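What follows is a pair of complexes built around chain A, which joins chain B in one and chain C in the other.
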Partner chain A sequence: MLKTVTRAPDVRDPLAAALVAAAAMAWLFTGDFGKEVLSEVAVFAIFAMSLDLLVGCAGLVSLGHAAFFALGAYAVAAFGVFVNLPMWMAMPLAVAVTAVAAAAAGFFAVRLGGVFFIMMTLAIGQMVYAFFLNSRAFNADDGMAGIGRVDFSFLALDSGEPAVFSAFAVCAAVAVFLLLRMVARSPFGHTLAALRRNEPRLRSLGCPVLRCKLAAFTLAGALAGFAGALAAQHNGFISPDLAFWTVSGEVLVMVIVGGMGSLSGAALGAALVILLRHHLAGLTEFWVFYLGVLFVLMVLFAEGGVAGMLSRLPRKLHRRGGNV
Partner chain B sequence: MFEARGLKKSYGALAVVRGVSLSVAAGERHGIIGPNGAGKTTFFNLLSGEAAADAGEVCMDGINLGKSPPDARARAGLGRSFQHNSLFAGLTVAENLAIAIAQRKKLYKIFWRGFLSRTEVFAEALDRAHRLGLGAQAHTRAAHLSHGAMRQLEIGLTLALRPKVLLLDEPTSGMSPEETAAIKNLIRRLPEELALLVIEHDMDVIFDLASHITVLDYGEVLMRGAPAEVRASPAVRARYLGMG
Partner chain C sequence: MNKKRFVAALFTAVVFAVPAAAAEPVKIGVLLPFSGVYGGLGSDQERALGLGFDTFGRSVGGRDIALVKADTEAKPAVGLQKARELILRDRVDLLVGIVSSAVAGAVRDYVHNAGVPLFITNAGNDLLTGARCSPWIIRTSFSNSQIVRGMGPWLHGRGYRRAFLMAFDYSAGRQMMDAFRDSFTAAGGAIAGEEYPPLGQVQDFAPYLVKLKSAAPDVTFVFFAGPPAIKFAREYAAFGLSSDIPLAAAGWLTSALHIDRQGGEVDGVYSILNYVPSIANAENAAFQRAHQARFGRAGSEYGVAAYDTARLIVDALAAVGADLSDKRAFLRAVHGVSFNGPRGPFRIDPATNNIIQNIYISQVRKSARGGVTAEVLDVLPDMRDAAGGCRM
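And now, the complex of A and B:
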């Protein structure tokens, strides 16, 4: 019988379980600073997983994904600070706003293929950056501060506590992982994977490829907006830099280092890049340089990123065991 | 039931298809022959929507397909295979077929349930693999198939759409005599009501299968008729069959 249509079974789920276990350990055994880092990792894991739906599954390489991350952050700030809505309401509204924006941007972007799609997403990202940079309402390049967090007082918990917020962020990341895994395993997800492999053929088989790409782009954008809405609450501060193209590049590095086409790989990539940043930044000013070296090595020698390396590990161990 | 009227296509100053009309009835087996560069594949691309015609129209069951893209034409019942194999190389034979079946059933709309739970799709995929003569290779990746098996899968993917009109672009190109015989068999066993348009260079295959033949030359219809008439025509013999 068929096990899978697009991929061989691999370590993806054990990796996801290991990541959740690692997050639980970090939450239990680190101090406040460790929990702040854990929140950051969880937020970027959501951001990276949403991009993996585009890059790893559908083969659409976006260099403007940070636009939707920033839109989610600005929207949640606008609803929270200007309209004074509680975060429970501001967050879904921010996701909805981002979804609409992603659908509008995607309407133009998905018509283009290859490098033109990349250029279009880059342009859209920089347009969003330029808009917030010049927007008086959002304090232009000064950004906005004083963004609140979701209220857990009905559980007698204070979300200002790193322990509470990091647990919330990790739960959100797990929920997004489960949602995206469901999508990837569905007929729609398999259709996206077939689109990555051979778009003209899929089109000739009657698949409305533009609509499928637009649906993927919108979902990915909405989830990036969700990540942005969490980031705004975590930092309490937003600025136009959230939309800058280097942020899009950084999240793409997370996806590639972790392993394209693997959701838990993308989450692992987010964790690796953020932990490296925190550790290397303390040791050297040139941490971006060392991150670049790691990236080049991964692309050259580790097909499928860290997740790909891990998925080959059991076979290697097995072979070695057989030889002894 | 399927009709093309006055199709034209130029690439710059080069007129590749210069006003070709053609109509195919249900159940008809229509061969298209012509020398290299006669515009046969371009003509197919105009029919399937892969290329936009400069003039003319394509109708299916009396409905003008207008400028609709290839996927809309496929959903209207127009299936095509490609001259150069276009498969999902990393997937197995059964998986290739399952993807095609899923498109016919419009399953791409479903994002909340697992694909693998759709056992009827995979049962049909295996059944189709058997009927294509690829049963033993159902779990072989498309990239690892022989050329002949790839050609069979190429046609099988299109058939999985259950098209009303089937366009085959050189189904036996580059095949051994045994593989050619297998393809001929496959074409003979096509559903009777299906309208078939086939471009082919192997004259034995075309004269054997086709009920009607259109000869294209320099982007125009040189002649049209039953196989015997075409074979006997002095113009065709001189221009194409090389027996003048």
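And now, the complex of A and C:
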């Protein structure tokens, strides 16, 4: 067992470095539209990494993760618009609200396994969607507008500028990556990985399995809420669609395409799906179809997603070099 | 040395002169739903917009007009994303379109901050030219309250005293009913009851029609649009209510898009709207003739707003010599445009940026040729919204 843990060479951190470099290049060399797309990628990278903690690390496949994304967005909008708090205060409060909600939802969800967990998270997601769709206080299906952004005026920067906000979003994504990597490498992270591989054995060893799952669910929910709070500021507008199950499905696609169990893979998946969406949508009205075809091919032929393919690359090159 | 400099100067002149000679087109982003529930309305407006530019001019002041389409799917988040793409990536000079008020609400702040003029061709939420108005957002269609405000006094004048109100429970439904209730009670009428079925979840209006029947009003006033409108009118007739309690409606109930299919079910319905195909003026005759010739069917109230928008843009561009370097001057030119269109006199109110237009009260009647048509009974001229909290 120990041998597999120390398995070298791992391309995943080079991948993270490459992603950060690509983000920096995009920031330097694209116009305002490129920077808007960069912000979107950074926000969804956070969202996808938070889901990867559940799916890739702990093996809990959630189809309701968008519920927490939407909760974060609505909470930050409520604190910002109704209470008039500055975003620096609204954001941590929104993350706290989402964490509490995720803990409450997780209390019921983590008791279930397999397909029942998936159905439970799906139901939770649709409940949150239905709540915002019918809630007059949150403007129902019209959504909420007029959400401000974090204030960087003390640095003499205007966060309304795409350059400033995209830099902020990328920094936030890097911070979340470092945090989640720390979690994955901690004893808690190893427990989650063990849980994915053999839950009965872990249970028989006396590990508090439910508590571990609940902690993972809460952390993942809180970080999805953080992504939602950023998305709300980026767009200045939110609607109940954010919580719809297709959004949960889309972020799951990002994680699977990028590579389950790899944080940088999840971020890469978010970038790929968003860039493809922007480019395909310009080429054809049936872009969802082509995205679907790509997804099926990835699942069939690229185990471990793009990150998995990349991690096998050095070994292949090495083998080929050895043959020569 | 001199020769070299001359060649360099010549080269520079050629390089920079060529693009200047072939004037850049005026790029107009068209934000409409081409898929989803409002897909039909979106393509109806897109066609009429094209017809409008073909009629009033595909080029102004030496610049061509280029349309860039984007599908909002009638979803707010998608609409906002498309607006951003059109403004930042495609660098459009103007935006036209938006059917759904939810989409309009989503793009409002972005368009306002970007300072790109947006011509709304349908979305009727009062707030867009009321409390949330913007100097950059002009509406050529209607506001919800502008449409129905005239109906209260008119019905009261015909001797109806107790009205029953019904609309879906969303902002358009609420705004229309609020405006009707205010106008009807101000005229001296009373409300016999109100029902607001949830939007998008109603299979069957029977439970609501039972309540309506037991309230025994003199008249019913409703707002429904699209497929639910056809369904409501059918069930109202099937319940045997249409003979006892006259039905009055915001005119989308018997829209030109589907009145042919409704037939006798809507015979006798009173409707109030900013356009019916039977309006008698030369501009409307020309619009209907061109629309029928090109698309094989009558132009609708949705199409006419897009058609008029094309004329407004062409006229305003002509007034500034197609020079959009000063966008505020262009907006002033927009306020200066007025013409007689298919809907009658058309102009934009500088106080709210909403259209000032005639409102038509009509009744659906069986026509001699066998079909049904909405015949105009009364015209409420130059209906204009109060500023309603709009400060620009």
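For this structure, a couple of remarks:
Throughout what follows, the second predicted complex is superposed on the first by the 315 of 324 C-alpha atoms of A that agree within 3 Å, B and C clash if a C-alpha of one lies under 4 Å from a C-alpha of the other, contacts with A are read in each partner's own complex, and residues count from 1 in each chain.
Quick note on the criterion: a residue touches a chain if its C-beta (ideal position, glycine included) is under 8 Å from a C-beta of that chain, and two chains touch if they have at least 3 such contacts.
Just so we're clear, the structure is a prediction, and the values are computed from it rather than from any experiment.
Overlaying the two complexes via chain A leaves chain B and chain C side by side, clear of any clash.
In the superposition on chain A, A:E36 contacts chain C only, with no contact to chain B.
In the superposition on chain A, no contact is made by A:L268 with either chain B or chain C.
Once the two complexes are laid over each other on the shared chain, residue contacts for A:G236 go to chain C alone; chain B is not touched. Seen from the Cα centre of chain A, chain B and chain C lie 140° apart once the structures are superposed, a value rounded to the nearest 10. The partner of chain A that touches more of its residues, comparing chain B with chain C, is B. By the document's definition of touching, neither partner reaches A:L214: not chain B, not chain C. Of the two partner chains placed around the shared chain by superposition, chain B is the only one that A:N198 touches, whereas chain C remains out of contact.
In the superposition on chain A, A:G189 makes contact with chain B only, not with chain C. After overlaying the two complexes on the shared chain, residue contacts for A:G146 are found with chain C alone; chain B is out of touch. Of the two partner chains placed by superposition, only chain C is touched by A:G160; chain B is not. Measuring only between alpha carbons, the smallest separation of chain B from chain C in this overlay is 37 Å. In the superposition on the C-alpha atoms of chain A, no part of chain A is touched by chain B in one complex and by chain C in the other. Residues of chain A touching chain B in their complex: 1-6, 182-183, 185-191, 194, 197-198, 200-209, 212, 215. Those residues of chain B lying in contact with chain A across their complex are 48, 50, 69-72, 74-75, 79-80, 82, 86-92, 94-95, 98-100, 102-104, 107-116, 118, 122, 125, 139, 157-158, 160-161.
Across the interface of their complex, chain C is touched by residues 31-33, 36, 134, 140-143, 145-146, 160, 162, 235-237, 239, 241-242, 278, 285 of chain A.
Looking at the complex, you find that chain C touches chain A at residues 34-35, 71, 75-77, 80, 84-85, 88-89, 101-102, 105-106, 108-110, 113, 125, 132, 170-171, 198-199.
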